[in-house]
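One chain, chain A, appears in both complexes that follow, with chain B as partner in the first and chain C in the second.
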Partner chain A sequence: MAQLILDELRRNFGTVKALDGVSFSVEDGEFFCLLGASSAGKTTTLRAIAGLEKLAGGSVTFNGQDMTHSPVQGRGMSMIFQTFALYPHMSIYANLAYPLIRDRVSRSDIRRRVNEVAELLRVTHTLKRKPSTLSGGEQQRVAIGRAIVRRPQLLLLDEPLTNLDAKLRNDMRAEFKRLHRELGMTMLYASPDQLEALTMGARIAMIDNGKIVETGTPQGMYGAPSHTFVASMLGSPVINLVKGRVNQSGSHHTLELPFGTLDLSGVSLRTELSSGDSLTLGIRPQDLHVDAAVEGSGSADLSISGRIHLTEPLGDVTILDIDVRGSLLKMVLPEEQAATYSLGQDIGLSFSLTDAHLFDADSGARMN
Partner chain B sequence: MTDVAAVHGHAKSGFWARLTAPENRGPLLVAPAIITLFVMNIFPLLWSFGLSFFNYRANRQNVPEFVGLKNFERVLTDEKIWDRFQTTAIIVGSSVTLQLIIGFSLAMLFAKHFPMRRIIMMLVLTPMMLSFVSVGVFFKLYYEPTFGLLSWVVNLFSSEPFALLSSSTGALIGIIFADAWMWSPFVMLLVLAGLVSVPKYLYEAAEIDRVSSWRRFVTITLPYIKSLLLLAILFRTIETFKIFDIIYIITEGGPGSSTESIAVNIYRMAFQNFRTSRSGALAYIILFIVIVLTNLYLYSVNRRAHEETL
Partner chain C sequence: MAKQREIGKAGWGHTAVAGIVGFIYFFPVFWIILTAFKTRTDALEIPPKLFFTPTLDNFRAVFFRSSITSDETAATNFILYFFNSIFIAGTAVLLAMLIGTLAAYAFSRHPLKGNDTYLFIILTTRMMPPIVVIIPIFLMFRLTGLAGSYWGILLLYTAFNIPFSIWLVKSFFDELNPEIEDAARMDGSTDWRVFFGICLPQIYAGLAATFVFGMILTWNEFLFALLLTGVETRTVPVAMARTLGGSVGVDYGLLAAIVTLFLIPICIVTFLLQNQLLRGVTFGTVKK
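Right after this comes the complex of A and B.
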């Protein structure tokens, strides 16, 4: 069972705490994503798992064995580096065969396995060439090939798509999913891109400042983020976050927002609110609708009006930036509907309370 | 031209104005260097080459007589010369090997980080910056039979008087050691430059690929420093081939002629026996050997560069 358990990993670079107690576990055969902005601690986490980074504390358990102090070579893991790290002076064939040296397999076996992998990754035509003569996408696939040729139990991927252009990145996302399905190996994938995490990961761990903020499934984390940070990292365009103040009259709570008052009586909250508490309202651009009251539907809990400040047409949909009394809200409309509006025009908006995410304004923790 | 000079108000003569005209200033500025180079280097070089075909002695007033290739023939058939070549080869082979071993080890050491690294490295580099004469004198004193450091150390273990330079093998070892001491830092510097140019992530990738540290050295480090290592070998081979100063100071080629390198031989031939033409012929033979060595190196470097761009 290639199960990986990280417990309270700590690593300091001088006074900077690169890893400040990172814990999560990856199940056997799982495609697990580690999502975080740059310098959040993703790379350090992966390097610590591989053994390239000395830990100040915590433990790495793999296959039920404590690997915290094992040498890199003995861990049965493979890693794909962000920079690919191909051996520039060796041919692609030699690059792919390199990890097999240790296994003392016969030349014909090496040839067979290298050819297999080259075929799987469609780089057979490059085998005799040097890495510098390959395109970025080919180099990437060779790097993958080198990592999987010895069939490791765990594959660590450190932002493997960051150095590729947008088109290749799209193709490679599908490629990784295919590889995971075909090889069935456990994969831990670090990425700064929420789209990669949402589309590929069976589960996601979100890391910030060397700490895991939340672990969960993409759907769960997107649908009910536990923290404003998680909410703003997942989803495109970025979720609208608006601060408001709680008003209490008896057992009745309302949230005073810059552009209106939201009745909170229908919401079950995790903690008791009192007057003067600060809350952050999160509402995804996709959950904002053109004012339904006009069309007579009663599903909206708050209707507001604003002025169209900016439009970003994306082809099929258009993102509208709407100025609502000083706060900018983003919403997404289908192209043909957006075309009926123009810049500076007034627009009515509404959203339903069931789509609203409420967070504590100070701690950022989810309230509903 | 004259207008310009007139405007500036110091038109002296047409020649001066033409000489200092803006478009002539470049050649004018370069001229002294070119003239010096020609007088001091190029002319003597060509002149001595010409002389090697004549029968000429610098200490005689006789008119040089053309003898064709006779000087070359004489030099190449002289057994003494071949013996000196052999001595030189022994010195080159041993000294360069020693320099490589010591230089490589030092480079591996200084590629790591440790306290006082910079200061220690400066100290280690010092020999290379000393003049040949001072290094020669140091070692001559070290090897001195009565009060030299080496003899003193040997006398701690045996009561026999010890004079390294009195035996032909001992004298050779003494020369080789002095030369290796002086030039190992140079090899170290080149190898170190190669070692630090190896990207760290390659070693990490190799570790992930479960390759042993010895294999990492062979498959990653060596290929990276190969060309610099080759450069070090070539530089040191050429330089040691011409070894003169240290030998001249420590042993003057003795005892007998056991440490007489080819360069010392040329010196004796030219300035002690005044066989000017013959020594010129021998010097050109050596120049030819050095050119061949250099081209061998350039060929291998170019081939590698070509391979890399493929």
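Right after this comes the complex of A and C.
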């Protein structure tokens, strides 16, 4: 059982708390994503698991064994570094063989396994060359090869796609999924890119300021984010967040937004609301719809009228920035539909209350 | 169609300018080498002679010379002096690099509290002019009996080269990507293996540059060698100075011959390490 359990990891760099009680667990064979902005603590978490960082507190349990104080060598883990970290003075063959030589694998086995891995990652033609003569994508694949050649029980990936161009990144995403399926090893993948996390992770842990904000499945976290931070990190374009004030008359609640009033009677909330409470409404750009007849529409819970401020055509779809009485809302329209509008034109919008995410404006915690 | 200039290839004009500057720099060396092949009269000729009948007498005289008192030629000790120069400079620089490289790695990878202060202190030993410290050192060497011995001068030159080695080699270690060492550790390497198998091979060029610079500095050192070497351990610069003067005036041809011979070993070292040297001095200045 290659199960990894992190409990309350702490690590300080001077006065900065790089890890401030990081806890999560990764199941055997799982593809787990650690999502967070740069310097949120992703790399430090991975390095702590590998034993490359001294912890100020907490424990790392792997395979049922407490590894908090074990040496780096012999943990049964491999890591793919952001900079690839190939040995520049060695040939690709020697790079791939290095972990096996250290493990005292016999020479014939080394040759067989290096060739296998080179084949799997399509770098056989580079075996005699030095890393600096390889393209970025090839270097990346060699780095993967060196990490998997010893068949680790846990593979740590530290932003492995950050140093690649956009096209390669797309290819490699699929490549990682393929490798995970073929090798069946437990993978912990750190990334600042929500797209990578959403497409690849079976589960995601979101980290911010050295703390885990939420752990869950991509669908769960996208569909019902527990926090404004999670909501704004997942999804592209970024979710629209608008602050409003609660108005209470009897048991009836409404939310006063800059562009209208939202009836909250159909929403089940986690806490009681009272007049004057501040809420943040989150609505994904994809959940905003064009409403031709803004006045007197039936199905939508709130209709808004605004003016098109900016358009970003992406080919198949276009992102529209719509100025609604001073606040900008983003929405996504199919290219053909967006083509019928021009800059500065008035547009009617609507959304349904079932698509609305409500958060406490102060704490950022989810309310519905 | 406009003619496009190839990047990386200078035109004739640039090459000519570079050639002239190069010639100005090289001219003194060229003149010394030329003088080494001149007879005493040719060497002192005014205006200086560019064309003359070359002679090897000066080179012969470096090793076999007739003294003023007798006509018999006797072997000078210059073979020993050349050996001393090569042995002392080579050994001291290698020793300093051995100690310096280990220290540099420690300073770079396991910084102490107040790391920079220690590095600064190490460098201060090289900040004052040698003439300031020569008297106390001379007295200490006399007292301990190190004066005139190989151990003494080796010790001094090693100490002399260590600060420079630490600083230079540390800068090379600092340039390395630490993730590569982490990767090696995760691949199962011990700290010693990381140092020898992963770090050192990456800075070979830097080590070569450090070696050549150290060699040049030590090879040419005169002041300490003058006071701290004895008859048996005398180095070429000291021996050269002692052939100056005398009752018959300065023998320029002889001196030029010694200098010419003196240039050869250091030229060989530099030439052998030339490729490494260029990579060494530009280490880290070019984005990888």
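Definition applied: the second predicted complex is superposed on the first by the 362 of 368 C-alpha atoms of A that agree within 3 Å, B and C clash if a C-alpha of one lies under 4 Å from a C-alpha of the other, contacts with A are read in each partner's own complex, and residues count from 1 in each chain.
Note that in this section a contact is a pair of C-beta atoms (placed from the backbone, for glycine too) under 8 Å apart; a residue touches a chain by one contact, two chains touch by 3 or more.
Predicted model, so just to flag it, every value in this text is computed and none were measured.
Colleague: Here chain A is shared; do chain B and chain C fit on it together or clash?
Modeller: clash
Colleague: Applying the touch criterion given at the start, work out whether A:A339 contacts chain B, chain C, both or neither, answering first, second, both or neither.
Modeller: In the superposition, A:A339 touches no partner, neither chain B nor chain C.
Colleague: Between chain B (first) and chain C (second), which, if any, makes contact with A:L328: first, second, both or neither?
Modeller: In the superposition, A:L328 contacts neither chain B nor chain C.
Colleague: Check the residue A:A56 against both partner chains and state whether it touches chain B (first), chain C (second), both, or neither.
Modeller: Touch partners of A:A56: none, neither chain B nor chain C.
Colleague: Return first, second, both or neither, reflecting whether A:K130 touches chain B, chain C, both chains, or no partner chain.
Modeller: Touch partner of A:K130: chain B, not chain C.
Colleague: Looking at the overlay, does A:Q73 come into contact with chain B only (first), chain C only (second), both, or neither?
Modeller: A:Q73: touches chain B and chain C.
Colleague: Which of the stretches 4-12, 22-30 or 274-282 of chain B runs into chain C once the two complexes are superposed on chain A?
Modeller: Among 4-12, 22-30 or 274-282, the clash with chain C belongs to 274-282.
Colleague: Determine where on chain A the residues touched by chain B overlap those touched by chain C, and list them.
Modeller: Residues 50, 52, 72-74, 77-79, 81, 83, 85-87, 89, 98-99, 102, 132, 146, 150, which sit in both footprints.
Colleague: Going by the contact rule at the top, pick out the chain C residues touching chain A in the complex.
Modeller: Where chain C meets chain A, its residues are 177, 179-180, 182-190, 198, 201-202, 204, 288.
Colleague: In the complex formed with chain A, which residues of chain B make contact?
Modeller: Residues 199, 201-202, 204-212, 215, 219-220, 223-224, 308, 310.
Colleague: Residues of chain A touching chain B in their complex?
Modeller: Per the touch definition, chain A meets chain B at residues 50-52, 72-74, 77-79, 81, 83, 85-87, 89-90, 98-99, 101-102, 129-130, 132-133, 146-147, 150.
Colleague: Within their complex, state which residues of chain A touch chain C.
Modeller: Listed in rising order, the residues are 47, 50, 52, 72-75, 77-79, 81-83, 85-89, 98-99, 102-103, 132, 146, 150.
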